[in-house]
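Paired with chain B in one complex and with chain C in the other, chain A is shared by the two complexes that follow.
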Partner chain A sequence: MTKHLDRTELGLLIALPFLILVAFILPKWIVNYVHVSMGTGLVALGVMIQMRAGLVSFGQGLYFCVGGYAAGLMAKFLGVTDFFVLLASGIVAALILSSLLGFLLRRYREIFYAMLTLAVSMILFGLLSSTEELGSTDGFNLPTPSYLGWHPEGETSRLTLYTLTCCVAIGCAIVLNRFLKGPTGYVNEAIRENELRVEYLGTSARQAVHITYVLAATVSAIGGVLWALPLGHVDPEMTNWTTSGQFVFVSILSGTGNIVAPMIGTFILEIVRVYAVEISPNTWQMILGTMMLLTIIFLPKGLWSLFGGKKKSGKSAGADAPTAGE
Partner chain B sequence: MTKSRLGATMGSLLKTSTSLMAAATLSVMALSDTASAQDQSVKVGFVTFLSGGAAGPFGVPARNAAELMIQSINAGTVPGPYNTPGIGGAMIEPIFVDENSKQKNADYLKLVEKDGVEMVIGYISSGSCKAIAPEAEKAQKLTILFDCGTSQIFEEIVTDPKYTFRTGGHATMDNVAAARYLKQQGVNLDSIAGINQNYAWGQDSWRDFSETVAQLNSDASVATEQFPKIYAGQYGSEISVLLTSKPDVVHSSFWGSDMEAFIIQGSARGIFERSNVVLVTGETAMQRLGPQLPDGTVIGARGPHGALAPDSELNDWFRKAYFDRFGTFPTYPSYKMAQALLGVKTAADKAGSAEQDAVIGALQGLEWEGPSGTVSMALANGHQAIQDTAYGTYKYDKDAGKPVLVDVVRFNAECVNPPAGVTSIEWIQGGFEGAKCE
Partner chain C sequence: MTTILETRNLEMKFGAVYAARDVNISIASGEVLGVIGSNGAGKTTFVNMVTGYLTPTSGEIIYRGKNIIGKATRDITQLGICRSFQIPQLFPELSVIENMLIALTISKQDKPVLFKRAIDSALVDEARALLARFDIGQYADQEIQTLPQGVRKLVDIAMATVAEPDLLFLDEPTSGVSADEKMDFMRTLIAALKTTETAVLFIEHDMEIVEAFSPRCVAFYEGTILADGPTAEVLENEKVREFVIGSEMHRTARPETQEVEATPC
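Moving on, here comes the complex of A and B:
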């Protein structure tokens, strides 16, 4: 069994119990940031797998929002509070929308892809902002989730949600790692390097992009549900371009070297932001900006190159394209 | 050889000095944490917009007022009954946090659990308030919403509040009073039009205003309702529609730069001459635009704040102190922040302690004097404030070279606010049952 797992997957599985244990050891406010970081980290993951194909999505907030709102609407209008149903409705909504939009988006690359994804996400932002029934820009609140008929309260509820979030997030990371190591994952790398050759080799680049897009959308929607449930509130800000920009920011900051990078990057960025706000509440963005600049200058492959980069560059200096799954 | 050794020593020296520095920073951080354990100070978290579009018109004036009031309260220099130092004998130790954050709830819990604040005062956006109010009840931490306008907080979201308070009136008051003012001034209300931003505040404002007019005048009809998007800046086509539909009254809840853009673009095309224009937040533009704001515009300030505030020693002091320190007169977010802090001070002084439970007990149903008049926590089981409000008509005094408001009319709190237990829209549509107007 274990020989089918690579190092990253093993690491993720080993990390899972520790991640859950964190909730019992660390102070509650840090656990809170870990919790919400897993939600947003999954969206950053979605951005990252598209980056592997050389595509930058400036509208990943679209699916973050679709996930959150799908769960919210189920709860608001149908009275559903079950965690698994809410999660499933987020996934289904994202699957349908992304499969359709994929037919359009798979034809575009580079800046056109970035602008189109941005445009689509801003259409949703505009729609939600003018829908009074859904609370417009104020959004609306979500109930405390239940689990297959079990309605925990207070601390138990928080810990249950946290544990499930950990499991789902780690599960998503393992699936995506498999994907990047699979045929489509490698085709994506080839698309980034030279799309024309991919087509000559007899593979459809568009199909690969389509699959990647749908997968990224699904994982982002899962992130949206997992983020909205502990917060108990969704608003259109989730699909605003500033939110999407943050996911790109995280992906650049943490690098595309490993599937874990965006998850850890999200948490690090969150903690840096917390302390930046504490140190200078009026100019905290400058601290984040400086950090971004320094990362780009000194660690062009992101923070992850601090961990995994050295070994590889020692092996072959010329092959600077990151290998999937490393 | 010696050179390289020197280099190595230098290197190790540098290393030790950085680790020393790190240790020093850590101990300083630890020190600042333990400092709060001293008896005579109370940590208060302040959350307002310090960046983003709402920082300029709302967040920063509110923060400025907070800084001024904290300093004055700690020094005991606020006039009237507030001339004792501190709140309940304890000095306020503020921690400012930016409301412009994606993780508002996590930031809130960090204030509560890591920084160990005794209470949180803040939140300008209604979206923030919706997310924070249930969190405050869960975290069991006294949280005072000082500005956000949505009426849903205690009507739908937290129906049985224990820890959440709101010391500012909600948005219903502004628009009910606007309609009542027009009626009182004898303005024809047969045909009304609205230009409001297409987001929650604009939509709610227009709903409350148009429903109130429909109650006050059964013949009223809506000529047109325009919802341009927020921060649009250009209102050419909307103004054309407003001109061609010839309404008697144009209602707008625009604020900040959007409102100023609308005034400048609309006055050039004569909309202010053709219709009576009501600006719900117009007070902030008075000082800035001066003669550019046409005479006869109906002006509100989201409560009796700023130029609509009643004459009192406290108000004179507040305006002067604020102007001396920041070079501008306080606008309504500043007033609302001062109002929240004075409410906390009154409650803590009454209880003789700045501890959470004591303050909660005293704040419930409390009545106190703010710079803009009496505030009373009358609704939602003593958790939601109501206060009088006022509207006036703008006039630019050419001789004195300064803007003034004439025909100022004050409305009783009970006249423009729904009574306890009734939602705003039910109250309006039900014909203002229980309203006490003089």
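Moving on, here comes the complex of A and C:
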């Protein structure tokens, strides 16, 4: 089996039991941060795979919210509490919405793509904020999930949910890693660099963007469900631009070099924010801003570039090559 | 040799300006065809129309018996018509080998493939072999943006050949290559392409290059074909000498199209 897995995938599988073990070793407050970081980390992964195609989504909170609300609505109106059904409902809702919206968004690039994604997410924010049946700006609560008819309580419930969250998050990361190293993943890199050439090589750039958008939406919706269940609450803030901005923040902070980067970046951001609030309750945003500034100046390819090594530039090797005539 | 491409009364208008008018060209399989003409003569417009980048105002483009007007660029590439560009269209932040691997990956997928690993050692070997064929294997690991123009040109052309096209358009392959390296550049290029049955149409401003490498030549002038035939005859053609080769001469009168008997090669 291992011959079918690359180093990243193998590393993720090896990390899984250790990640689960964390729940039994580390203090509860850290475990809680790890838990929610896996949900938001998946959304950052969604942002990251779009960035590989040169597209920045300023509205990824849309699918984070769609996932959370889809699960919440299933519980609130149909009384469903099963973890797997709630997860599936988030996935289906995101698949349907993103497949339709993808037809519009695949036609746009750069700032137009960013603004359109933002606009759509803010439409949902407006709708949810003004819908009293769904709790308006307060949102509503979700029940403790059950698992194929099993209803654990207390610590068992928390650990079960944590374990399943770890498995789903690692599974998603492996799938996305495979996607980035698959043909469409490579096409995305090519789109970022030169879309005209991609078309002339014989494939549709728009189709690749659409596929990537749907995949990013699905993963983000999974993140939304995994984030909402441990907190037991959803509200429209999930799709607000400030939330979407955080996902972009994490993706820039961590870099797009590896699928693991946004997962770790999310956790680092959560921890930095905790300490920033503790150190400077009124100006903690300045600490985050400074951190972002330093990252952009000294690590333009994100924190992951500390581990990735430097690519050969080979600037001197063209000496005996045909040269420009003018 | 069988005719693979035929254009019939091709016309392209931008507002009131004719970029192409009554363009009738046929290309046979395996043929090497040079295209000459001053700037704005309609050479690149012709290539853009055949490769689907521009939709002609009227006329027909018959490729292997079927009219391909209206097809998208990618569909035309999949049919077997590829091109390189006057300004190389590459992926500048990626290495040469990565550029080739992307081209190979795309050429090998008929429909989107999501989770199958794209690159294996066989594909890397194939990419390296292609680079070796164009004599640029030594640049494989260098980023495109660090390379001189001549190497970029060859990478651009090598990428256009990965789909094993039946017809390849080369838009000014030697532009940006220094004068004393042009001949060697073209020798490398033609030698690499001779290993396939690909028909090649190349646009060129250097008449020595055209004479040396294309048995047949087409001369464009103001969107129309001025002459089409064996290269030596076309280059001796009075109108071609006046309106294409002797570009410094006056252009007051619009010449009538003068057909030279074409000789398939």
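To be clear about the criterion, the second predicted complex is superposed on the first by the 309 of 326 C-alpha atoms of A that agree within 3 Å, B and C clash if a C-alpha of one lies under 4 Å from a C-alpha of the other, contacts with A are read in each partner's own complex, and residues count from 1 in each chain.
Quick note on the criterion: contacts are C-beta pairs under 8 Å (C-beta built on N, C-alpha and C of every residue); 3 or more make two chains touch, one makes a residue touch a chain.
Keep in mind that this is a model prediction, so the values were computed, not measured.
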Review point. Looking at the overlay, what does A:L55 touch: chain B (first), chain C (second), both, or neither?
Key: neither
Practice item. May I ask you to decide whether A:E189 touches chain B, chain C, both, or neither, giving the answer as first, second, both or neither? Key: second
Practice item. Spell out the residues on chain A that touch chain C in their complex, using ranges where they run on. Key: 6, 175, 178-179, 181-187, 189-190, 193-194, 196-204, 207-208, 211, 215, 311-315, 317-318, 321-326
Point to revise | Contact set on chain B toward chain A in their complex | key: 50-51, 95-98, 101-103, 105-107, 109-110, 112-114, 125-127, 130-131, 134-135, 138, 150, 152, 157, 198-201, 203, 207, 227, 229
Check your understanding: In the complex formed with chain A, which residues of chain C make contact?
Key -> 51, 72-74, 77-78, 82-83, 89-95, 101-103, 105-109, 112-119, 136, 138-139, 141-143, 146-151, 153-154, 159-160, 162-163, 175-179, 181, 184-185
Practice item. Give every residue of chain A touching chain B within the complex, in rising order. Key: 27-29, 32-33, 35-36, 40, 126, 129-130, 132, 135-141, 154, 230-233, 235, 237, 243, 246, 270, 273-274, 277-278, 281-282, 284-285
